Amino acid sequence: MSHNSFGHLFRVTTFGESHGPAIGCVVDGTPPRLSLDEADLQRDLDRRRPGQSRHTTQRREADAARILSGVFEGLTTGTPIAVLIENTDQRSKDYGDIAGKFRPGHADYTYEAKYGIRDHRGGGRSSARETASRVAAGAIARKVLGDGVSVRAALVQLGADRLEVPADSWDWDEVDRNPLFCPDAATAERWAARLDDVRKSGDSIGAVVHVEALGVPAGWGAPVYGKLDQDIAAALMSINAVKGVEIGAGFGAAALRGSENADEMEPGPNGAPHFTSNHAGGILGGISSGQPVVARFAVKPTSSILVPRRTVDRDGRATEIITRGRHDPCVGIRAVPVAEAMMACVLADHALRHRAQCGG
Amino acid sequence: MSHNSFGHLFRVTTFGESHGPAIGCVVDGTPPRLSLDEADLQRDLDRRRPGQSRHTTQRREADAARILSGVFEGLTTGTPIAVLIENTDQRSKDYGDIAGKFRPGHADYTYEAKYGIRDHRGGGRSSARETASRVAAGAIARKVLGDGVSVRAALVQLGADRLEVPADSWDWDEVDRNPLFCPDAATAERWAARLDDVRKSGDSIGAVVHVEALGVPAGWGAPVYGKLDQDIAAALMSINAVKGVEIGAGFGAAALRGSENADEMEPGPNGAPHFTSNHAGGILGGISSGQPVVARFAVKPTSSILVPRRTVDRDGRATEIITRGRHDPCVGIRAVPVAEAMMACVLADHALRHRAQCGG
Amino acid sequence: MSHNSFGHLFRVTTFGESHGPAIGCVVDGTPPRLSLDEADLQRDLDRRRPGQSRHTTQRREADAARILSGVFEGLTTGTPIAVLIENTDQRSKDYGDIAGKFRPGHADYTYEAKYGIRDHRGGGRSSARETASRVAAGAIARKVLGDGVSVRAALVQLGADRLEVPADSWDWDEVDRNPLFCPDAATAERWAARLDDVRKSGDSIGAVVHVEALGVPAGWGAPVYGKLDQDIAAALMSINAVKGVEIGAGFGAAALRGSENADEMEPGPNGAPHFTSNHAGGILGGISSGQPVVARFAVKPTSSILVPRRTVDRDGRATEIITRGRHDPCVGIRAVPVAEAMMACVLADHALRHRAQCGG
Amino acid sequence: MSHNSFGHLFRVTTFGESHGPAIGCVVDGTPPRLSLDEADLQRDLDRRRPGQSRHTTQRREADAARILSGVFEGLTTGTPIAVLIENTDQRSKDYGDIAGKFRPGHADYTYEAKYGIRDHRGGGRSSARETASRVAAGAIARKVLGDGVSVRAALVQLGADRLEVPADSWDWDEVDRNPLFCPDAATAERWAARLDDVRKSGDSIGAVVHVEALGVPAGWGAPVYGKLDQDIAAALMSINAVKGVEIGAGFGAAALRGSENADEMEPGPNGAPHFTSNHAGGILGGISSGQPVVARFAVKPTSSILVPRRTVDRDGRATEIITRGRHDPCVGIRAVPVAEAMMACVLADHALRHRAQCGG
């Protein structure tokens, strides 16, 4: 057991605080002889990196990942891969005010209640900065999955404003062209304007992210507490600020009749069945069906805002707080590459678990 | 690692198929000297038991739980508690048709794809019958939590029809008076009529369940992959037919501004802060805040229906299937006591995990 | 984590007390489509079964194993295999005296110190009766390993009296012909006489068991905390009354020079190296080398003896105790089939772990 | 599961290769608010550090441990503690010869067989250099244990030459005064001379290490696969070159009668029993008895020797090898502080596990 590890056979342990000297991860269980170098990690890290547009925090971190072990002459060796990312742009003085006050919506109070101590600088361990380690691990997971499986995510709702373009008309190439990871250029523009308003008002806004994996073969996952959807739910819910996760039709399935919700099958190519719909989100009984694996999750609005909020201090006295510093007005945006990383890690783990029990 | 265990310190392993000789569980890690007997388990099992009303499957199972170990003279000893529930009313002949055909929405195809074999009788391991073991484990978990923590659940949506009574006006005593576990008598009546229609049409319907825990102290849960909400999400998503989970404001949080979503604090009794709202669902940064822990989850409509659906057989040929047998028209109903059990198990685990690291 | 489970991918959980209604195990992770029935388990269980000769306890247990799940039409399904063994010959009245006194060498005092309660009947959970569950699990492990790997064990020392026949002259067929599992008929006779003396004196005696696996391919095990020898050491040390474990040359290696201890290699058949000796016991750096995997372990003399020993009672007062009841004068004997089971379980686990990470 | 982690609640993950840029560990589960700084780690690291005397490798490593996370203003925060130790004195050119040949007694061949690739520089992951990470973790474990528990180790056999001073006459202060960690000055001198001979002959020699913990309360450990002795056996067997482990009387117990081996009890101070002997090594039924916890382990002679040995190369051809480079003539010496670290880590884990289940 570990509070700071996830996965079983593809196992990721992360460490580090927002304003400590460094953050990083140790990834264990990677199959040997996969090509891997720091550039593989950097590609994904750069997508999550802060300061890339006016819509994310202006903290400037190079997020340069250094591989300390587990790779020899460009190939994984099967031993643990340690990745180190140094923190370079800590401005801890920004956070003086929060040492003694609990920011509403943040983990300040609960860390204090649990541990009787907390590294208050920038949220310490509870900071979304930790997700850089996940993205590094996710890049390794992609190598484990190989070219047959692709994982991609997009922002599909900003505040109450849903993307209205149907999923089969999304432009996945557009996702990396706009700073909001939106699969529709017009919507991205509308959201950017809305986000400017939010930022100028010193407030923040929530979002919904869609993440999917293509090419997952039928058979990954396991009954009954190693279900693929269960592990995806846990992985996505563990991302900072996430408050809800759904698979396939999700909450919408509650409103359906059984005759509508059941994904009918007909003979498909290569002997595998063809499903006429995908309400299941590619998972039946916790095991992948060969269809795309589809999940969505809700991200609450950033809790660090310039609107003053009532709170208490460490001595229990009433006070007010404004959270200065450099923050994302919508943490859902940078959650997009993080979602891909978590999905990739869960799938890599299940790929190995399936091979262990069933071979092939 | 185990595919069929969950929890770390309060660890539950279940076994058994719907139409095998028995199902059961082994619960390890229970503190010693807690009073426990079979009646404690039976109380919760009887709430989940089939055949209690016309709204659930007519399979007649006594669901009599027998404790095989770990209890001595009415007290837990700290050693594993094994619970055995014999299957008595298997009518496997009902299932002849499904041996060779894959039921849409069921795990038939995916089990076959994974293992190349499946116990097709009544769904085998994928049957919701497995949840009886969870309920037995949940009754033990309640003992671990003690009287200070109470866990309760209710049906809050049937199909698209939401309970419109606001949460603070729910009648929790009503939940056990109607067969739908609805916290409002009038709504229960309306839903019962709707459910009769659904059943008569041979179809099924989805639902949403609300589950909450009162009395959870601040400090349970742990960063960053041992988050309380992450473990609740995994536990609830592992219940048969669940397709979505949310904590607190959940997907609704995506539509809020940060200034609306942040639960403000003011000085409360006993030095602990008083939160003026609970969008967080009692969890901040993965750690309980002392507020009620609140989750909801969506249950898809039962996949076993009398409406014919297109499918393929084991040889890949197109065919149709009607699922006869005895089924719940809405599996969401009996998911209510299961939800309580899973929530109780997760909390018991975290209570022990917290005590391990932080004492007291 | 679980105190009562071992293995990671081939995962065994046991439950039950010596004088409760039943003992048993749940084995998870077994690959699907292996042929398995109760007779497979019974063969090994009968070798461990008490009452087979005058040299073991006269308790009469059928040790009839019943498979409750995970097997369908004679084949494993990949779901958990639950095995139940009912206790039928409990004479708990024999144990009245030990309810209030701590038997020296037994776990009575430490269970009481840990839990503040213990099921004193026959040692409860600490009884060697628990090892029947291990043997059942071991029989399943052998199926996972297949015919290519064979595991066998023998008694090689009784008290201070070592088997003097060199290992390459042992008669493995003889092991199952004498009740002491000794690989030499003459020695078995000598030990039987010695054991009669010990039994008649109301005392007990220790032993050393040798266990080995043939056919283990090179590559099982893993650095640096998943070492094959580490897991074997843990598995053997967990057997009741075991006080020491060694691999290959073991403690004898301490007395050697590096030039003597190093197992030299020369070109062997099929491209694999041929080792000219096996001081390593088939394991280098925690990974199997393709040589026989060889371990030995020391079993202390049975603590249940008729010789009066000084002790204290539950109130801390000085007293004496004689342990009546039916006991093995040398628990090392019945540890032989248990050792095979544990070795098989560890190897099955590592076979799956290796396949997970490295394929094929 | 992880191949490179150990412990459950006090969980240690290590990474790094002998000649990579750095090695290190992540320690998770440490209770909060323990005082900890880098000097605490350095004290123990300096005892293990190479190049301290002529009897250990002449590689010069500062082994300067840097704490990257989990400590704030001199106190642990309860979040993962990452420790980084940079490698500074790699002379990889020394190892050119071993890239293509398998050193007998080393893990070269088995890593290659498992992974199809290995970082051959200085043994890569299989190098004893990894044990520096263990020592760092052990220093943290000591903090968890607090002043009430002390762990100490000593060399008690060099080659076939046993320390003849009885344990109760050992001079524990002497252990840190001589470079062999021997608790008797005269013996240390004799061994030093012997070791000089061995080194000059280009050969190496084995050893036996004794490790014990004082102050462990009764009640740590757990039946039946979480036994304290089982976890100690695993932890010690995982140390490089260890081939045997024993607890208390160990293999000697095999030669005893039950009446000799049973540690009798009499009323002791504070209500706890006083044991008149400690054949059990402080552990009964896998649970600590309150007596000193005592273990011993055998270390094989260093496999890196200047005596030419027959081997094969990566192409399977016969060849000879001499292992140049800088090596310990007796790896057992530096295993002494490593043994303390492993014992401390196991005990810290069980302290937390006990508190989780049983409180206090």
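The first chain written gets the first letter, and so on, giving A, B, C and D; residue counts start at 1 in each chain.
Here is the rule we go by: a contact is a pair of C-beta atoms (placed from the backbone, for glycine too) under 8 Å apart; a residue touches a chain by one contact, two chains touch by 3 or more.
The structure displayed is predicted, hence computed values, not measured ones.
> Would you kindly state whether over half or under half of the residue numbers at the chain C/chain D interface are used by both copies, giving same or different?
same
> When A-D is set beside A-C, which has more C-beta pairs in contact?
Most C-beta pairs in contact, of the two: A-D.
> Indicate the whole-number Å distance between the mean C-alpha point of chain A and the mean C-alpha point of chain C.
Spacing between the chain centres: roughly 45 Å.
> Taking the mean of the CA coordinates per chain, how far is chain C from chain D in Å?
So the centre of chain C lies 26 Å away from the centre of chain D.
> How big is the gap, in whole Å, between where the Cα atoms of chain A centre and where those of chain D centre?
From the centre of chain A to the centre of chain D is 39 Å.
> Which chain A residues touch at least two other chains?
In chain A, 1-5, 8-9, 14, 29, 32, 78-79, 114-116, 125, 223, 353, 358 touch at least two other chains.
> Quick one: which bits of chain B touch chain C in the complex? Just the residue numbers, please.
1-5, 8-9, 11, 13-17, 20-24, 26, 28-29, 32-33, 66, 68-70, 72, 75, 77-82, 84, 114-119, 124-125
> Please name which positions on chain C make contact with chain A in the complex.
1, 8-9, 29-32, 78-79, 223, 352-353, 355-359
> Provide the residue numbers of chain D that touch chain C in the complex, in ascending order.
1-6, 8-9, 14, 102, 104-107, 109-111, 113-116, 125-126, 130, 157, 159-160, 198, 203-208, 218-227, 229-231, 233-235, 237-238, 240, 243-267, 271, 273, 276, 279-281, 283-290, 298-305, 307, 309-312, 316-318, 332, 353-354, 358
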